[in-house]
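Just so it is clear, A, B, C, D, E and F label the chains in written order, and each chain counts residues from 1 on its own.
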Amino acid sequence: MTEFDTGLPSVKQVQGYIKDKQEVELKLITDDLIVGKIMWQDPQCICLIDHYDQSTLIWRQALVFLKPKA
Amino acid sequence: MTEFDTGLPSVKQVQGYIKDKQEVELKLITDDLIVGKIMWQDPQCICLIDHYDQSTLIWRQALVFLKPKA
Amino acid sequence: MTEFDTGLPSVKQVQGYIKDKQEVELKLITDDLIVGKIMWQDPQCICLIDHYDQSTLIWRQALVFLKPKA
Amino acid sequence: MTEFDTGLPSVKQVQGYIKDKQEVELKLITDDLIVGKIMWQDPQCICLIDHYDQSTLIWRQALVFLKPKA
Amino acid sequence: MTEFDTGLPSVKQVQGYIKDKQEVELKLITDDLIVGKIMWQDPQCICLIDHYDQSTLIWRQALVFLKPKA
Amino acid sequence: MTEFDTGLPSVKQVQGYIKDKQEVELKLITDDLIVGKIMWQDPQCICLIDHYDQSTLIWRQALVFLKPKA
């Protein structure tokens, strides 16, 4: 669905959030707002971990926006 | 729509849930939250089985997120 | 959008429902739940027939899940 | 997005409705139900004409289901 | 996502609306109904201009239907 | 999903908004309306910065329309 080129600014920005263990807010197509730290990304999914160390696999097709938690 | 490479972390994580018979929660694009065990995955669908041993074929395009049931 | 390989488990499962004239429930992206028997599938659509022998052409992009009617 | 092969059953069924000037109901992703006769189809759109002879261009990506009007 | 072949009837019909400065109604996936004149189309977007000469870039993936304003 | 050819009018128009630091309104598939300045675009995302200098990564698949803020 989406291109996944590790040289893309958007892929690198997500990579930066992973490295910095930055807490982020992810808005999904269902209008859910998920908060957590991104563990990894692949061409299909983003894996988030929440405060309780629970991991959630999020499909890229469901992504709307992502921002660092203020 | 989505890439389906059995070497991808996301595909492997789902494969792990299958192997461990891990109960999972699947959020769908319609906002439905389905609980069950994943039986198999293919490039088009994920097959879930519920408490009553009923199987549901879920199209990947409808997937939003997946997490192990707490 | 989705791969259509007649060897895929998901394609075969639908093919099995067709052969068995199994009554199924189909959840669509609009949240409609349609009940009927699948007549045929092709890479673009699934054709369902209801109790009144009326046929409905359903686009694959609108599919969320499918299960045998209990 | 979707395959458009004029030999597909689904493409032929739509072609049949065009030829027979069959009145149809089209359910769209926005939950709109549009009634009319299909004038033509191409890989991107379906063109419908209503009772007032007004034509509507409908994008295929928005199609959910189609059935002959009872 | 969608094919963009300038020889397609649907692309030509939009091109006709551009040439005729025809006022159109555009239904979007968010259920918004936008009224205006189409300035141009490209494989990714349609550009609409409203009564106040303000231009709006509309992504094709968000298009549901389009009809001439009655 | 969408073509990303830097010669496309729609890509150039976004590029123009970036260069002019034009404040824009972005309507998303979740019906959110986001206001800000576009920092950059790539084939996967558009990056917006708001009044508080916070950056938001928006996936292209979630874009509905974009217009300059009046």
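The working rule: a residue touches a chain if its C-beta (ideal position, glycine included) is under 8 Å from a C-beta of that chain, and two chains touch if they have at least 3 such contacts.
No experiment lies behind these values; they were computed from the predicted model shown.
Counting hops only between chains that touch, chain C reaches chain F in a minimum of 3. Taking the mean Cα position of each chain as its centre, E sits at the greatest distance from chain B. Chain centres were defined as the mean of their Cα atoms; on that basis the chain farthest from chain D turns out to be A. As for how the two copies chain B and chain C face one another, under half of their interface residue numbers coincide. As a whole-number value, the distance joining the C-alpha centres of chain C and chain D reads 19 Å. Shown for chain D are the residues in touch with two or more other chains, namely 1, 4, 29, 60-61.
Viewed as a network of touching protein chains, the structure reduces to one closed ring of chains, two contacts apiece. Traversing the ring of touching chains from chain D and stepping first to chain E, the chains occur in the order D, E, F, A, B, C. Per the touch definition, chain A reaches chain F in the complex via residues 1-5, 8-11, 13-14, 27, 29, 31, 60-61, 63-68, 70.
Per the touch definition, chain E reaches chain F in the complex via residues 1, 4, 28-30, 32, 34, 40, 42-45, 47, 52, 54-62.
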